[in-house]
Amino acid sequence: MDQALQHLVNGTVLGGTYALLGIGLTLVFGVMRVVNFTHGELYAFGAYMTYAGVSLLGLNFYLSLALATLLGMALGASIEWLLLRPMRKADIDSVMLVMIGAALVLQNGEMWAWGGVAKLIPNPFPGTPLVVGPVSVMPLRLFVLVVSAALLLGFWLLLDRTRIGMAMRATFQDPETAALMGVRIGWVNTATFAIGSGLAAAAGALLGPVFMVSPTMGDLVGLKAFAIVILGGLGSLPGATIGGFALGFVEEFAGGFVSTEYRDAFGFLLIILILAVRPQGLVPAKERIG
Amino acid sequence: MMNRRTLLLAGLAMPALSRHGFAADPIRIGMTQPLTGAVAASGNYVANGAKIAVEVLNAAGGVLGRPIELVLEDNKSNPREAVAAAEKLVLRDKVPVLIGAWSSTFTLAIMPKLIEYKVPMIVETSSAARITTSGNPWVFRIAPTSEMEAVAFAELLGKFDPPIRKIDFLSVNNDFGRGAAEKFSAALGAKGIRIGRTETMTPEATDLAAQITALRQSDGDTVFLTTGVEQQTLALRQAVEQRLGKRIVTTGGSFPDQLLANPLPPGNTSYHILFYAPWFPERAPHPQIAERYTAEWNKKGWEFAGLTEGFRGYDAVLTVAVAIKLAGKPEAEAIRAALWKVKLAGVNGDISFAKEGPAGQESGQNKPNVSVVTLSEGKTGLL
Amino acid sequence: MNALFAWGFVAALAALPLVFPDPYLLAVLTSAGIFIIGAISLNLLLGYTGQLSLGHVAFFGLGAYASALATLGFDIGIGFGWRVVLAPQPVWLGFLAAIVVAGGFGWLLGRLAFRVRGAYFVIITICFAQVLRMVALNWVELTQGPMALISIPPFSLWWPGQGVVPLYRKDQNYWLVLAVAVLAFLLVRQVVRSRIGRALVALRANEPLARSVGIRVTHYLVIAAVLSAGIAGAAGSLFAHYVRIVDPDVFLFIYTVTMVIMVVTGGKGTLWGPVVGGLVFGLMPDLLRGTAPPEAQWIIYGAAMILFVMFLPRGIVPALARRLP
Amino acid sequence: MTDVLLSVEGLGVQIGGLTAIADMSFTVPAGEVVSLIGPNGAGKTTAFNVITGYMRPTRGRILFEGRPIAGLAPERIAARGLVRSFQRTSVFAGCTVFENALMALHLRGRAGLLDALLPFLRARREEAALHAEAADLLDLTGLADRAGLPAEALAYGEQRRLGIAMAAAAHPRLLLLDEPAAGLNPSETADCIALIRGLKERGMTVLLVEHDMAMVMRLSDRIVVLNQGRIIASGPPAAIRQDPEVIRAYLGAAHAAA
């Protein structure tokens, strides 16, 4: 029972970060119809920028997090401008290949710049866990969970309350109609990709200090992010949140009670099951007719 | 970082220079390591160790009056590329001897090619038993097997207080991790220590909470942790987070260097089985050699922690140089014959090869030294 | 003229080991050739049905494991005390097993995955390969897990005057791969030029219209998937007996990417596309060796991918075809 | 009285809570040209999609030659002898006109995988026959001299004609044409009418959805008028022309729209 409680806490902590990862990916797919293979690399980029800020420039931890997120957005915007904008008319497959190429360039660029040795990011939180009854959790991870939740909430408000958010939602529903109604699709795409990238970089910046920073850290995370959005329904924002927590709990409980060997396989098996039974995911995005 | 790049450039320029007429043609030594991909960090350490060994040797006049040239090829952390790299080294660069290939699978992938091309290889890191027992007479291993490591560790059991009574394992799910769990169980089981559970993790996993929570359920007092540096660090930190409350011993010879600058909270001491402890070069079997290696490494400004792994490349090159000197000519068959006769002092200790594997096709296996380093609040000590 | 050129090209490749017996060149070409066979098989799916499978390496890996296990033999428990035991078989049987096993999984994936299209299809295929990798990693009794299957025998063939001999020599392996590549090419050519190929192209061009003229979508897509998987399995078998070690990394994503980019660079939906693109991207890594630091080689590789897709989206072969009337 | 080829009985279709077709029943007798007309949004295209298997009906029955076909996949329905044309994308883009014709003849062939791999006598003979039939088809549509062009390079009217010919290629017993004359100029429309007459003479039954009233009146044996998902009238062209409810609900609206 104590073990189950601990797994529950761990699953929640894990799920929160997964949700953050999934939402950026699903947003980009929903609005732009782009499967973003650089998502994992932007995650790594966010982590490295935090490392650079804290360890190399000696900046404040929180300032470094914010800077890393902003730099991630800037990198995302330049990827959109350089690679995606010229490919707007291209088919979805070609765009995927370009993004895979970009991921290769980014990952090896990181390895070139930083070397392959994994780095730890110092953080201002105490290194001993908070203990409540049978359950323990690190203050840093609580902080990550809270910031993730705040980012998710802020993102919802952005979508719901701002002009750019409305433009994004309109494009999400139907790009042609949105364009007719005066939405500048080019700008919405840049903003969308920048925000999606910013969310990935923020996830990396938050999780970098929890785990470690290495050039290949984006690989597994990229795959996980796919799993999350497929679980929730590709292009569905609530789905990505639910999918993130679902994957977090499944991994944690299956890993704890069934087999740690297959821990990472459960997510993928779940996807194949979901796609076989319910191809549109748990929470399907609204279909576009036509 | 800057250093690394200049070195790469220097590495590029070197073959060009040598072609422009030194007195004697260089003797080429081939090396393949994972320089990119999942395990690149450690591969680059080993490659760096080899590079400084070549510099040291050349500064002392080379071998047989000729300079040594290290031809380094990336195996991109996968077996297919390991084979491609080995074939390039043997067939295009015509090297008479190879060093490689870090992971056991990369080494095993290259091994049939050694028989095919009749070229000996010094195995510097791989720990799988099968490498020296499968009957490949071209393989000479200076790295210890998991079994040797376990047996050597068993001799040090008396130094632990409170004593080790029951052990569990947290192992990376590969040859290295599974091999260590098996051999340590056998070696320590023979000493009357009880064996608990074994949890495994994929090499790229970062969240180990499920495994550690499961280990907490065991009544063992010590967990043997076998994986690369990165996961060692993650596991040590997450063990604190999940209140594992057991002694942790890492195996395999790598050291979680990041915990020096970012130490675990007070009261957490971890134990690390190393083959070279760069903090105490004076305690190495051959202090002068160890100090020279350490000094050259630090001169480059490379990461200090890399010393724990870089010595593998350093010792491998020293071994090859002695073998070429004994052979009297840089030819594969002669070097192979000479390797059986080498006796030299390396960073890790004396290097010589004993026969292992089926009669008539034995591989060479060196018997290395181990030491256990403790880490507590960012400070190291020797057990 | 075209056929003459094609056979001339094959004859030139076949004569290569006699003219330039450089073993390194042959090693590089053999290794590239195995992936070109993979690309030829992928082209059937990607080029002719228009379905981007990013899990194609699954079939390659299945072929490699099936062939390796058939020739090494195995002895595994399947629960309730039952055991499945296979004594080591000759290599040609392993080759057939690779084709059958991979083809069978092609059928399975086809049945499952063609219910969805586009991005979903892509991701389900990625997941498929990932799950297989996890199984290969963890079903240690069968696959040896990460410890890899080693000591896989080399391919053996009946050789004039010598009976059945194992192929150790570079030129022999080269010719073997060349022969399988030519067979794979001819097989794909026969299929795409037949009524089946027309049905596949019709489905790619306009699925609703194709259905309206009576083309059974799933039926034809599954045929394509089975054939494609079978050929990829054959390539995997060649790989297993050439490299002679198979580990779970045979399911690496980057291998799929290699095959996909070979097809796209050469020209998807053209017979020669995977061959031309395969030569470009099969030889590039080896040409880059030594010219740049290892990380930079990857960066060049990735950048080349981007540039080809952006500036030659239909591939080299169609671009050349337009130049030459 | 001729045999009934298609009969639609009590058909109802709901899309996302909206009623596209409320309750529809009509029959298509063999050998006739029947037109389905009605203002935009009346449910004509939905009816087409349901009959040809692209959408599922919420209720009702569809019988083709007395056997139910509702819920079957489009390709199965096509194999039974009921083929449709499309309004917008009527050809296989990226393929030549001749290839288009060959693809449309899919149901006329039966070569399988074995024939593809080992193309001996039977498969070769079939290919030759299909090529001849494709050439005939292009002759019929007057596109023989365009055989080598990419289909999307054809003029709009020619593309529409090719689309109709392709639907008719496999000799279906019932041909469903979705606005074949939409966007055509008068001379192209005349070509189109000639083509449909030609098909009828070959023994094909035609169910037509069309806005061009002149064309409908000239071609049809019977007309079914839809409004807001319901049939409001049906009968021969002369009767429909006189029907006051049709004039009110449909003709007026169509005139206003034009």
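General observations
The chains carry the letters A, B, C and D, assigned in the order they are written, with residues numbered from 1 in each.
Here is the rule we go by: contacts are C-beta pairs under 8 Å (C-beta built on N, C-alpha and C of every residue); 3 or more make two chains touch, one makes a residue touch a chain.
Treat the numbers as computed from the prediction; the structure is a model and nothing was measured.
Farthest from chain B, judged by the mean position of CA atoms in each chain, is D. Chain B and chain D, compared by their mean Cα positions, are separated by 73 Å. In this assembly, the C-alpha centroid of chain A lies 36 Å from the C-alpha centroid of chain B. One simple way to say how far apart two chains are is to compare their mean CA positions; for chain C and chain D this gives 42 Å.
Between chain A and chain C the centroid-to-centroid distance comes to 32 Å (mean Cα coordinates, whole Å).
Within chain C, the positions touching two or more other chains are listed as 137-138, 293, 295, 298.
Residue positions 108, 111-112, 261, 264 of chain A are each in touch with at least two other chains. Annotation for chain B: residues 5, 36, 173, 202 touch two or more other chains.
Interfaces, counted as pairs of touching chains, are A-B, A-C, B-C, C-D. Interface residues of chain B, counted against chain C in their complex, comprise 5, 8, 12, 35-36, 73-74, 76, 78-81, 83-85, 87-88, 91-92, 104-105, 108-109, 111-112, 116, 128, 130, 134, 173-175, 178-179, 202.
On the side of chain D, the complex with chain C involves touching residues 52-54, 73-76, 78-79, 83-86, 89-95, 99, 102-104, 106-107, 109, 111-113, 115-117, 119, 123, 126-127, 130, 166-167, 169-170. The touching residues of chain A, when paired with chain B in their complex, are 3, 6-7, 10, 14, 108, 111-120, 122, 126-129, 131, 136-138, 141, 207, 211-212, 214-217, 219-220, 251-252, 255-256, 260-261, 263-264. For chain B in complex with chain A, the touching residues are 1, 4-5, 36-38, 40-44, 173, 199-202, 204-207, 209-211, 213-214, 216-217, 229-230, 233-234, 240-243, 258-259, 261-262, 264-265, 303, 305-306.
On the side of chain C, the complex with chain A involves touching residues 46, 52, 54, 112-113, 115-116, 118-120, 122-124, 126-128, 130-131, 134-135, 137-138, 257, 260-261, 264, 293, 295-296, 298-299, 301-306, 309-310, 313.
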